[in-house]
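See the structures that follow.
Both of the next two complexes hold subunit A, though its partner changes from subunit B to subunit C.
Right after this comes the complex of A and B.
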């Protein structure tokens, strides 16, 4: 037992070694500076801004939801602590935690409606809150609040500024360890995935709203603690301007962006560069040019966005990776070839049989002849257009259903209704008898419906393996299980172990399609909705996709395919449905459907039919 | 008319085009076929100037345009209809088309051109006032091509116009491209995955593979070539 604990402690030490070292360096610097208050104060400011920006980084960097009103949480923390201390005599140590809880609550209340919004709305909505808070606090007489001067540990007040430096170092360590834990966790992966592509994340079973709110709450609570330390260590008297002012977000943004958003070390590096610069400028020329510091932050913000959008740490880490790869290659004596190491085309991958037993699909009784999916009288309208009109469809288990129809016939809409992106006005969707009509995409995914997209929706900045892992997370797997599943799925679909570590952005069209299949499979589906898998593929590649789909059914997975490459589709579909103008107009065996006069008239065209007859 | 000499282009450290030379004559129809990732789209992007070429020379109508910005090339009459129907979804069909005629030379002919486009694409005529985002995939593709024509191109470059279209609409698109050529007298450069249709239409074609041109010939030769038959027409 003891040995185990010791081992675990060692493991933690190693994982967070860099953080511990950096924080120790902070302390050593403080020791070297000695009693000089001026330099100690600069160090303290660096630590505080690094903590604030690292907290901000959770929701805005990793989650990609920029919180323009982030000062709301610093201010809430500081005001809660100071007011509780002044009015009720509550120790700031406890007040600090109360402030964190209050900030978390505010984040929850603000986030619940606004985090549903996409794009810039959330960012803009958050800025309203500090702007509302300032006049309210001013009105009730709290425009400026001085901190009662009690030199005691319980009052978080110390004569020596170095005590605050120690507090700030500990705070920074806590924040960085939290960020590191998030980075390595399932939660962190989901956060990065939804930042990249919310629609796809939902399709993979991730509850995006919950993930975003959780990140927002974490950022807010940590920010509140930082606000308290800032108030006690630097301010002595807090004001609505100093705690809720717009200058805070300008500094937070410029430090984070210059250092590198969505990286562990970015905010700390940014703070270590910008804060001393601003302080020195302020003391050197601040008397002649007041506000010089703000100009520095503003200028760095603009310059950072234009010239170094990935930040100093972002840039450095790419170089580091490059050189370490080069070094490794030199050691192994391998010639470094720039660009992707191999393509599927080179390997002439032949998809043999897929063995997906390890997924243990939930489709228990494959023998029962009940339908896996029933679509009953479903209608959907978009402002006057009716993409689906009274659609009825029964999908038997373990077969391939091909869906064809003209562009705009409602095929993709049908998929979106089945997996919950859209809710129909009328009708019901049943998955093995269970009503899923009103379920959200992530719950539909967890019930066993996988999805691939017409326009591939891969997380392009995650690696192949990480993309597939996101699928496994949807079904509730932890990091190590997810990674094991992802490896096996990738191997089955023909990704080499080397290719697994390449970012998805560099994949070929065929590989991107295979990645979408892999990701959908990792969610352990009973039913997979496949939207135009062959678009943009050559005939040979299209046939490979056909083989894969056929293999899925052999593994007990039902597949519904939308496809325009009809000559390939009929080779592997067990039966087909023809849609036109939102209605099912033909149904039956593939031969039947493509001979249907309506389908020829509206979709296939006589020319196609002739060509098909010839071949 | 267009002559690209040994152009190369880099994409994130990878050479996607390696010293490619192609030419398109006046009123000529040139098809470029090749598998995914062969560099077809990059080639068009390099010619239209949305991607910089790292070496080589591009000459259009006896003018060196290698260093010219994309909008300046449009002004000269090189019109690129990119892959994936990049229309303006929140503008109406008519507004989309009007924006196509932004080129100085095209402005004067706006009404005239509109008539030509509407004749070519009767379905767009019926949907003049509809928001482009609410059009079906096939209609959006037609709009994208129509918008290209509104600019009165000298060289019209089409990138996979049949992508994601139903078999019938794909046929319609190819028919229309044939029409455009007969009616407008414009040089066309077509990039297609559907080799059969693309080759049927062209005077001359190029086969692109891994950033290099592996074959260049006229239509008959290409369609008769065993390599093309096997690799691109899917006939065993």
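Right after this comes the complex of A and C.
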């Protein structure tokens, strides 16, 4: 038992060693500077901005949601603490935590509606909140609030600025350890995935809104604590401008971009470079050229985004990884070094019989007569267009259902309605009798509906394995289980173990399709919706896809396929449905559907049957 | 009743002045998908140069220098697009990158103005700056009225340019389907450059007009940039007509809102309405919803 605890402590130390070392360096620098107030103040500013930017990094770097109104949380923290201290005499140490709770609450209230918005709308929406807060605070007479001077520990006020440096170092360590924990957790993976492709993450069972709100709340609460330390350590008197002003987000973004967003060390490095530079400029030439500091920030922003979009740390870490791989290779005596832009030679993709028992698909052995999916009288309209008109469909369990029809017939819309991207105006969708009409895509996925996309939606900057892991996360697996499942699925579908560690962006069309299949399978589906799996593939590859689909049904998974390559489809489809102009015009055995006069007229063409018969 | 009419009139005048600035912002967002954070800074630059300094140096009336600002800022915008922004637009993550780069422009422009021309608030004092007509008790400012007419002219001109000329149609095509354009032999880069130049030019003109009746300082832009964002979101981000309507809505809320809330809280009313709108109809008044997958 004791040994185990010791081992765990050692493990934690190693994991967070770098953070502890850097924070210790901060303290040593402070010790070396001595009692010089001016330099201690610069150090304090570096630590505070590093903490602020690292907190901001959680939602805006890892989560990719640039919160333009981030000063809302710094300001909330500072104002809550100072007002509680001034009006009620509450110790700032407690006030700081109250401020964090208030900021978290505000983040929840702000985030719930705004995080549904995307890109530009989100950025603009969040900045409205501090701009509403400033005039309100000014109006009630809190434009400027001085902090009552009581030199006591409980009042968080110290004559020696070095006390604040110690507080700021501890704060930075807490923030960085939080960021590191997120980086290594399932939550961190989900954040990265939704940053890459929100639609696909949602379809793979990740509750994107909840993930974003959680990240937002964390960022906000940490930001509020930073705001309090900033107010007490630097400001002495807080004003709505100094705590809620636009300049704060400008600084935060400059520092984060120059250092590197979505990296652990980026914001700290950015702060260590930009803050002293700005302070020295301000004190040296600030009285002659009052805007010099901001001009430097502006120039760094423009140059940084052009020449170093991944930031200083982003660039450095690429080299570090390369050299460590080089070093490792030399130690092991391996010749080939996988560089940052590695491409592997083509490998053989062999599909034998898939064995997906380890997924334990929920409906594999219950071959009852009931249908797995029922679509009852579903209609959907976009403005004046009706892509689905009163669609009725029953999908038998454990079979392959092919869906054909001309472009614009409503095939993909039907899929989007089934797995929850769209809500129909009328009708109901039942999965094994359970109504899923109004459910969101992530809950539909968790109920056992997998999905691949017409235009592949992989997470380009994640590796093959990580892509598949995202699927496994959706069903509530931890990191190690998800990784194990992903490995087995990848192996079953023919990814070599080397290929598993390549980024998805470099995959061929066939591999991308296989990746989508793998990811859908990792969600442990009972039903998989497959949208045009053969588009862009050669006949041989298309055959392989057909084999895989057939293998899925052997493992008890029902498959619905949209496909334009009808010759291939009829080889493995058990039933078929023909759609035209949003209506089901033919259904039954494949032979029946392709002989249906309406389908021939609207889609297949008169000569098709002859050509098919010949081939 | 007179008070109410007065507020309607001043709200309309204010709204159109926002509308013309927002039209440039909407054009740039629509074509290049750039959220131009430096937009208001360009307008303030035009308030100083040409409007303020041309009057001071050579006695050129700001209503004349409006038309000098158009070509000068068009070239300025074109160069910025071709030299800097062009390097980072085009991929999926570029929306944040361009927002950040234009934020850098704003810092540079504002602080250079601060260093060069000091932070003193400036005002242009011409015969029309404070003069008013009295229409049945409602006071209408001369400078604002002239500005309104010129602004409407500029917006109509921009609209006609985009719809009736070859280049204008090219720009609209580039906004709609850049890839398709490239295959059809349209020079995308030059279309983007022209669009950004036009957006900046019309904004600069709007800034010159605003300078004829409103005091300003180098950081005046910071106080209106978010209002302009709200304005284009209300109008549907990419629509020029929408920008004008959005401007009118905001101008009227700011003015008529003073009947209900204190003047110091007029922007609270604007942003409250804006947020409400964002939740209910995120695609804006004249915007379209896009297919996701």
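One rule holds in what follows: the second predicted complex is superposed on the first by the 590 of 615 C-alpha atoms of A that agree within 3 Å, B and C clash if a C-alpha of one lies under 4 Å from a C-alpha of the other, contacts with A are read in each partner's own complex, and residues count from 1 in each chain.
The rule is simple: a residue touches a chain if its C-beta (ideal position, glycine included) is under 8 Å from a C-beta of that chain, and two chains touch if they have at least 3 such contacts.
Everything quoted here is computed from the prediction, not taken from an experiment.
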Touched partner set for A:454, first subunit B, second subunit C, both or neither: both
Partner chain in contact with A:257 - subunit B first, subunit C second, else both or neither: second
Winner by number of subunit A residues touched, once subunit B and subunit C are compared: C
First, second, both or neither for A:148, with subunit B first and subunit C second: neither
Touching partner for A:537 - first (subunit B), second (subunit C), both, neither: first
Partner chain in contact with A:385 - subunit B first, subunit C second, else both or neither: first
Which superposed partner A:406 touches (first subunit B, second subunit C, both, neither): first
Partner chain(s) touched by A:508 [first = subunit B, second = subunit C, both, neither]: first
Residues of subunit A at both interfaces, subunit B in one complex, subunit C in the other: 382, 454-455
Subunit B residues touching subunit A - in the complex, by the definition given at the top: 12-15, 35-37, 84, 134-139, 160, 163-172, 193, 231-234
Touch list for subunit C against partner subunit A, complex: 29, 35, 84, 87-88, 95-97, 99-101, 103-108, 110-112, 114-115, 119, 222, 226, 229-230, 233, 237, 262, 264-265, 267-268, 271-272, 274-275, 278-279, 282, 289, 292-293
In the complex, subunit A residues that touch subunit B: 338-340, 343, 345, 382, 385, 404-408, 454-455, 506, 508-510, 532, 535-541, 564, 566, 602-605, 607-608
Residues of subunit A defined as touching subunit C within the complex: 64, 66, 113-114, 116-117, 119-121, 123-125, 127-129, 131-132, 135-136, 138-139, 199, 246, 250, 253-254, 257, 289-292, 294-295, 297-302, 305-306, 309, 382, 412, 416, 421, 453-455, 457
